[in-house]
Amino acid sequence: MADNQTVGETLASRGISRRTFLKFCATMTSLLALPPGMAEVMAETLARTRRQSVIWLSFQECTGCTESLTRSHSPTLESLLFDAISLDYHHTLQAAAGDAAERARVQAMQDNAGKYLVIVDGSIPLKDGGVYSTIAGHSNLDMLKETAAGAAAIIAVGTCATYGGLPHANPNPTGAVAVSDIIKDKPIVNVPGCPPIATVITGVVAHFLTLGTLPELDSLGRPKVFFGDTIHDRCYRRPFYDQGKFAKTFDDEGARSGWCLYELGCKGPTTHNACATVKWNGGTSFPIESGHPCLGCSEPNFWDAGSFYQALSAKTLPLSAHAGAALAVGAAAGVAVGLVSRAKKKAAARQHTRVSADDLEKGGGA
Amino acid sequence: MSGLEHIGVQVVTAPQDGARSYVPALLREIEALLAELVASGRHGRIDLRSLPLLPGDDARLAALLGNGEVDAAIQAMGGTRVRETGVAGVWWVTHANADGETVAEFVEVTLVPEMLKTHPQDARTGLARLRERLAELTHEGETDG
Amino acid sequence: MSGPELLLWARGTGLQIAVAIFLFGLLARFVELWLLGRKTDLSVARASAVGPGLRTVVSRSLPMPGALKQTPLVFLGGYVFHLGFLATLLFYVPHIHFLRSILGFGWPGLPPFLIDVIGLVTIATLIALLVQRFTDPVRRFLSRADDYVAWTVTFLPLLSGYVAFHRLGTDYTLMLALHILSVELLLIVIPFTKLMHMFTFALARWYNGAIAGRKGVRV
Amino acid sequence: MSTPAERATNAFLEQIDRPTAAFFESCVHCGMCAHACLFYTETGDPQYTPIHKLEPMRRVWEREFTLFGRVKKWLGLSKPLSEAELKTWEPLVYDSCTLCGRCSLTCPVGNDIVYMVRKMREGMVAAGIAPDGLKEASIRAVRVGSPMGVTLQALKAQIAHAEKDVGLKIPLDQEGAEYLLLMSSAEIMQFPEFMGAAAKIFAQAGVSWTLCSTAFEATNSGIQIGSSDIAAQLVQRIVDGAEKLKVKTVISPECGHAYTALRWEGPNLIGRPYPFKVQHILEVLDELRAAGKLQTEGMEEAKLTFHDPCQIVRRGGVVEQPRNLLRMVASNFVEMEDPGIYNWCCGGGGGVSANERAEPLRIKVFSRKKHQLDQLGVSTVVTACSNCRNMLEEGLEHNHMQVSVLSLTEMLAEHLKE
């Protein structure tokens, strides 16, 4: 896949007009909250640059993230991004197989040392020497370390790569960890979500391609421009929450009236993502709009945060065993203290010295 | 293609508060950009999506600006509509994706929006394509003759 | 620990620890108190102690004649704070869901804007009561560290709840986690401070009413 | 058992029970009890806050009977009771508390504070730390038979006087009488009219009654100083006398704490129920009234009010009887502010009147009663406790108030139909 074409040349060879590309850039400036006048500059710069070498590593994952990017049956603006990059290694998308595929990766790393972008989806198993996921005889850990060494930056895509995701869920049989748990010396952008919104992945890559920098990140390494607000902050059903109108079941009057899904377990209040604004499937809808509570998939450990259908404030672990034990120990402690107290009272009664008139006369008692 | 009307969802919007509308401020910004264009020929652009507009603000702004002479439709992986407003030099550009959803919306202050122009590169590609066609035509003619 | 991790810990392990300590303390303290016992009263009762005892458990919520005028702030503040705290605790929808997940049943909540108002009034009242504790000669004289600890652990859930409710502060998830942790702190502290009065008050009122009641006095 | 502090601690260990623990556990330091206590309201001094008077006993409870207190004790974080501490608290427990029990009515968590002050005094007296006046009164009560040193001889002289006054026989040691009347020293010596009044009333009602030569004194200094041992001794005398004479009912006279001592504490002090009934004189009179055996004539026209003795009304349960009786003989009876069980103490109950050291404070806090009486503008205040009567008279005189103090029983006797 590696070639030396400019982005402009690639676009031309695919029959995509520069006008369409300008439209793409204009959309990106809007999405990334960049100055709107940058669209033309962005388009011109991008067209003249060589296509960015991108190595996409897939570890313990389900390919949902890739699906999210490529799912559309019609060419979309987002997919234009593939024309602006040179995707030199990607299990699902590359034509090459076996040794040839691995050679492509090594070649890209050599040709673009220090400049290539690594995109990772999937978590990395560490348990038992990383044996639970290997590619071409290399453990994921080795491949990540080797590939990351010469990268300009890493974009961790999907909740598995960003926080460990499903493989990391209790009891985490493979010892799965996130990219950021392993790589400490490279800039990493986390684009969580299960899967992440395609536009958000595209936006981050576009930011890097056009400005040569990574977007501003929050404390969990997520681009603030997409993850700055919670779903709840931007939810169109928020007025119902504020009015205290909640759907109680999936088929009651409240559900049909489009009321707030908090009671059905919506994790919107604690979930940072752009679903409520960017939406899914080309801007058609997002889970809450379709009547389903937010699962909180772009937050760490969302698999272990209790039932998807239990309210956010509910407990996540059973209490009865602890409560029972505490009550038993409490009763025992209480009885122990109480019995000692009773013994003390009895002893005090035995030691009671009768107060007599003589005692009072002496002024001091016995 | 919004599914809202099909799944019986009522969308509630906050009550409109005219006093807090961004329209007056926006109009002043457009005025400044237009003055700049007249004075120095510099283009300006406002990303409507980046502003915390109240529901109905965009429609109010559009109504205030009015309709001009140009209303162009572009098909570029989804429709793009470029309209000149009633204020000449002020354009309203709406980008939609292949599904018809608006993905970006701008007010542009310029003589001709870039989206309407043909890029020189595209023109070159067009020329090449035209020459291919001509070559084919000549070839056909030769075969026929 | 990040906000989401802290929240998860607070809703899981943290809650387990807090509930365990709370129940342990509660039962231990109650049993220890109960086992102290009480001598049978050999004097002939003028009236039954049961009715007046039960009556006082309820009626002591009302001020003695004239008392309202003497300490209006403590009285009204006491009402507003206790009722406000209970209202926000029991009738805010997320709280109901928290309790439902533990108790297995729930009840209808109040609209959030009402909870907001009640919460703010309760916070203001609690602050006023603290100021009064500093300024009133009797209350300042009586106050020990225990009183300020109890005030603080009661105030924190209200404050953190209000901040989380209004999405103030940097991160809602973190605020929510801190809110739950503050409630857990309160739970842990209850059995070992004067906050135990929330359970023992009924027993104290009962004895007061019963002791007077068997003499034929309704207090 | 040697040091006073150890003896006090031991007594507290005996005294603290489940209600006490529930009360200490429930206190939130709201300070409302201060506003129910005339020693605070009339001085503004926070140290007189009722619950504060119990601090030494509360510390023993916490240290010895609670989980946390035990741990603290074990870690050496709490101090044992000291004699100095008890001495500091002595004036608080004895001088500034009349055991009136008004604080117990206001406490929002329901603490019966006076119930605990009574127990607190057990510890104080076990340590020998109590006012001299109370100690001396207790010694006289045990040795002579009366806290004021009234002897049988003196009683007999007063009986002779009274018999001459009213022309009726006053029975002494008459076996099988229905009623055994007790009297307080004050009634025997200061207000001997009481004896005559009783004789007239009983004669009219046609009931049999008697005095007892071995049990004439009703008061109980043991209750006031807080010693159950001494109180039991004094109660036992009355029980012995009543049993010897085989009376049906023992009448507690117009004395507040005597009623508490005999009626409510007595059986618990001697460890068994009585074979006779105990009634306050007002209860007896009201029963006679209800049975039509108390016939009066004429009405007091002057505006008058009733001072509720704490131990008889609030702590004794005799609330309606004095009012029923007053209405028989007074046409312009008005209630004070805070009447009945909410009444304010005269300032001298609970042994305060026997405690010379407390006198200035007692006189100072009489301002509450003065205020109540000034509000009404009455010329007469009726009461049913000779100690209240003394305190009222002293207080009124000190404040130069022209109000006369009457005994309800005596007032009734004066209106008896001839």
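Going in written order, the chains are labelled A, B, C and D, and every chain counts its residues from 1.
Note that a contact is a pair of C-beta atoms (placed from the backbone, for glycine too) under 8 Å apart; a residue touches a chain by one contact, two chains touch by 3 or more.
Keep in mind it's a predicted model, so treat the numbers as computed, not measured.
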item	value
Chain whose Cα centroid lies nearest the overall Cα centroid	C
Far-end chain from chain A, centres as C-alpha averages	D
Length of the line joining the C-alpha centres of chain B and chain D, rounded to whole Å	97
Intercentroid distance (Cα basis), chain D paired with chain C, Å	38
Length of the line joining the C-alpha centres of chain A and chain C, rounded to whole Å	39
Whole-Å gap between the CA centroids of chain A and chain D	76
Residue list for chain C, restricted to those that touch at least two other chains	25, 28-29, 32-34, 36-37
Overlap residues in chain D, where contacts from two or more other chains coincide	16, 65-67
Of all residues in chain A, the ones touching two or more other chains	333-334, 337, 341, 345
Chain-level touch network, classified as line, ring, star, complete or other	other
Chains touching one another, given as label pairs in label order	A-B, A-C, A-D, C-D
Footprint of chain A on chain B - complex, ascending	1-4, 7-14, 43-47, 49-50, 74, 76-78, 80, 93, 95, 97-99, 101-106, 114-115, 118-119, 121-122, 125
Footprint of chain A on chain C - complex, ascending	2-5, 7-8, 11-13, 15-17, 19-37, 93-95, 97-98, 100-102, 109-113, 167, 171-173, 176, 180
Chain A-touching residues of chain D, taken from the complex the two chains share	1, 4, 7, 10-11, 13-14, 16, 64-67, 70, 125-128, 130, 135, 138-139, 142-143, 225, 227, 229-230
Partner chain C, residues of chain A touching it in the complex	219-220, 230, 232-233, 241-244, 246, 262-263, 269-270, 299-301, 304-306, 310-317, 319, 322-323, 325-327, 329-331, 333-335, 337-339, 341-342, 345
Complex interface listing, chain C residues touching chain D	25, 28-29, 32-34, 36-39, 41-44, 46-47, 56-57, 60-61, 63-67, 70-71, 74-75, 78, 136-144, 147, 150, 192, 194, 196-197, 200-201, 203-209, 211-212, 215-219
